[in-house]
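Chains here go by letter, A, B, C and D, matching the order in which they are written, and residues are numbered from 1 within each.
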Amino acid sequence: MAENRGPVIIVNYKTYTESTGKNAVELAKKAERVHEETGVCVGVVPQLAELATVAKSVAIPVFAQHIDPIRPGGYTGHVLADSVKQAGAVGTLINHSERQLRLSDIEQTIRIAREHGMISVVCANNPSVSAAVAALEPDMIAIEPPELIGTGIPVSKAQPKVITGTIKLVREVNKKVTILCGAGISRGADVVAALKLGTEGVLVASGIVKAMNPYAVIREFADAFKK
Amino acid sequence: MAENRGPVIIVNYKTYTESTGKNAVELAKKAERVHEETGVCVGVVPQLAELATVAKSVAIPVFAQHIDPIRPGGYTGHVLADSVKQAGAVGTLINHSERQLRLSDIEQTIRIAREHGMISVVCANNPSVSAAVAALEPDMIAIEPPELIGTGIPVSKAQPKVITGTIKLVREVNKKVTILCGAGISRGADVVAALKLGTEGVLVASGIVKAMNPYAVIREFADAFKK
Amino acid sequence: MAENRGPVIIVNYKTYTESTGKNAVELAKKAERVHEETGVCVGVVPQLAELATVAKSVAIPVFAQHIDPIRPGGYTGHVLADSVKQAGAVGTLINHSERQLRLSDIEQTIRIAREHGMISVVCANNPSVSAAVAALEPDMIAIEPPELIGTGIPVSKAQPKVITGTIKLVREVNKKVTILCGAGISRGADVVAALKLGTEGVLVASGIVKAMNPYAVIREFADAFKK
Amino acid sequence: MAENRGPVIIVNYKTYTESTGKNAVELAKKAERVHEETGVCVGVVPQLAELATVAKSVAIPVFAQHIDPIRPGGYTGHVLADSVKQAGAVGTLINHSERQLRLSDIEQTIRIAREHGMISVVCANNPSVSAAVAALEPDMIAIEPPELIGTGIPVSKAQPKVITGTIKLVREVNKKVTILCGAGISRGADVVAALKLGTEGVLVASGIVKAMNPYAVIREFADAFKK
């Protein structure tokens, strides 16, 4: 996935009922079907307790929602990279606005992900923070102004300058990192707009998870990639 | 388990290599074997990413190491009770000294566990904190002075007054809660001592997980219950 | 103040502009004037940077808004009991809903306050949490449902059962602790209601700090104590 | 201070007994004396409760140890920029290794300091984190590997490559930020080494605060600047 730099759709399950328990695998199957039909890379980000089951059920990339900056040891209730990797995760979100980390922990978590060959997708809430994250050399950055999360108002539309300004600042610091657009994306047109502004994919949650027909939305997003 | 108030052994996997990935199921099988041979209740507490796999592999109680005080919604990277319950957990540790929570979050997490019919095992680091936890009416309290965790020095031996003092304080506030002894337990004699002091079971981690022969240690603990 | 168990009014300055800088001393002077006129005990809780100046300017009790569970040492950016005591604080708020602490830290902070002869005023957001706090034996508990803070809807009116239920639960655990009523109190009638329900004083913030005439409100509260 | 870009010595008081209460002003007087004798810029960073008193007593720059990313409002127990500024602070430490912040909070705190005309001194624990901090455009960065703090082993000696590597990475992102060297500095020779490696000053705590003769150490540091 990291090598094949076509645009990507990453579906963050969060902790919605619609993506919990049995729903977790069903949603992953829909994402997989879109991938099979369109060739577009679609990844899913289930909760930890469903991660292994999802990873066994589909052949698309599965991510963790969070890992902790720890090595094996006495860390009850924390998330060890080795554990989620063995459960089938190929990467992890880091510093989502709903699970923010201290700066030194972001740096350490990216380092641990890299050592484990896991893709790091670090979330950032504004251009300046994105530039700081870029300096830590993660694989991907997802731009998500928290005030737009879950609103259905896409950042690519509400704040296009946030995207273009972010890309400019990030590229001054880091030429390689993949830039994703998050927050508020719910239609194919939002995806097209995000790609036109220069991002290379989307990180999306409620727009898909809470949709009446998640398959149709993922498919709409994937088709938008080809326009 | 909550109804059958015989003594219990709860094995906290923490995030040790010895209890990660495939090792998680193997260790659970050993715990199950001791249960089958002795009738003693043995529970296991794997990491979240292994929880579902462990729960499918054995017929003994499986616990989560932590759940968050949340309802379904937008809580990326958090642990939802519904998710771990559907993965097979019958209960959860709360406020382990390595994953401490704010007081109001402990209260809320116990409440959520209760609503989900999950057993709450709340850790406390001293007698006064144990009495406070007792007022929140969890199912179980585990007394674990953090300075003894992982040392091999059992709290029942190093600080017997911590145990007896805690039981006295807890019982003034709460007659029903099950009291477990944790921290530093590594031999059957430690278990005997803990029970004689008035506790009703043990919460143990490295003493079993990092033992040369975990089966033998769990068996030694279970046999100690019968003395 | 702890010995003289008449009812008390504690004015939490929070970080409002109206109570910052020069305003901090002016507000304390108004509180002092009400004390001189009525004999009612009125305490103030300024921000740390104004604490010494306020304490030097008035002869009423001054509290810190928070102290950390630390001893002298390397704790940059933390609040040391010795420091605020030498600056003139006679006590401290602990675990305000806007500055919540881990359970073991509340216990340790109360212990440190006690060692320094400082009055501990621990905030609690519901009856169950209040009972837990009572088990830690602070000098005072302030009941503040966070959903009412700053609303002008007094807990004594919106949720009188919260107050009476809390007092009942707290007294089962602790006979001595002083119980204060907080959240939403803005008129003398609210104070009267709070006292009739069985509390021994009020912790109030915006109702006084952001009032057009803070002196008049404090005076109204003090007069209500005498009804 | 920000304009006069000669080398600076910043003395972090932490929460040591030697720098608490009356000791806070005494130590500031010694720092001021060195400044008067040598012309070298010496700043002090007392605890919040002593900040106003120190600022009134000396004519050298006084900093806060921490401010929170907040505006005036309901933030009990937090540190408001307006409050510490009115108490006399010209700047603040941010993200000290003993008081680390989430990345988005560091960004917001720097922004608030800038709006208040306060000097931001952001601590960073390694080269990669320093580069991330540099992208946030603070006034100063202090490099402090936490494993050296309080050891008396200067980072400039134990890990000179940390300093030179950090300067290189930081300058790729930010040409203007002042780079300070922290952790373990206790002798004039350490200061000379730090400056030779390319830093523009030192952030020092126990090496001065806990010295037998703090004046002599500050003086030795100041003299080292002139070599």
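The rule is simple: contacts are C-beta pairs under 8 Å (C-beta built on N, C-alpha and C of every residue); 3 or more make two chains touch, one makes a residue touch a chain.
Not measured: the values here are computed from a predicted model.
**Student:** Since chain B and chain C are copies of the same chain sequence, what is the angle of the rotation superposing the Cα atoms of one on the other, rounded to the nearest 5°?
**Tutor:** About 180 degrees of rotation relates the two copies.
**Student:** Counting in whole Å, what is the centre-to-centre distance of chain B and chain C, each centre being its mean C-alpha position?
**Tutor:** Computed value for the inter-centroid distance: 37 Å.
**Student:** What is the distance, in whole Å, between the centres of chain B and chain D, each centre taken as the mean of its C-alpha atoms?
**Tutor:** Inter-chain centre distance comes to 44 Å.
**Student:** Give, as an integer number of Å, the spacing between the C-alpha centres of chain D and chain C.
**Tutor:** That pair's centroid distance is 34 Å.
**Student:** Give the residues of chain D that touch two or more other chains, as numbers and ranges in rising order.
**Tutor:** 97
**Student:** Which of line, ring, star, complete and other names the graph you get from chains that touch?
**Tutor:** ring
**Student:** Of all residues in chain D, which touch chain A in the complex?
**Tutor:** 95, 97, 100-104, 106-107, 124-126, 128-129, 131-137, 169, 172-173
**Student:** In the complex of these two chains, what residues of chain A are touching chain B?
**Tutor:** Residues 12, 14-17, 20-22, 47-53, 64-66, 70, 72-80, 82-84, 86-87, 89, 93, 96-99, 149-150, 205-206 of chain A touch chain B in their complex.
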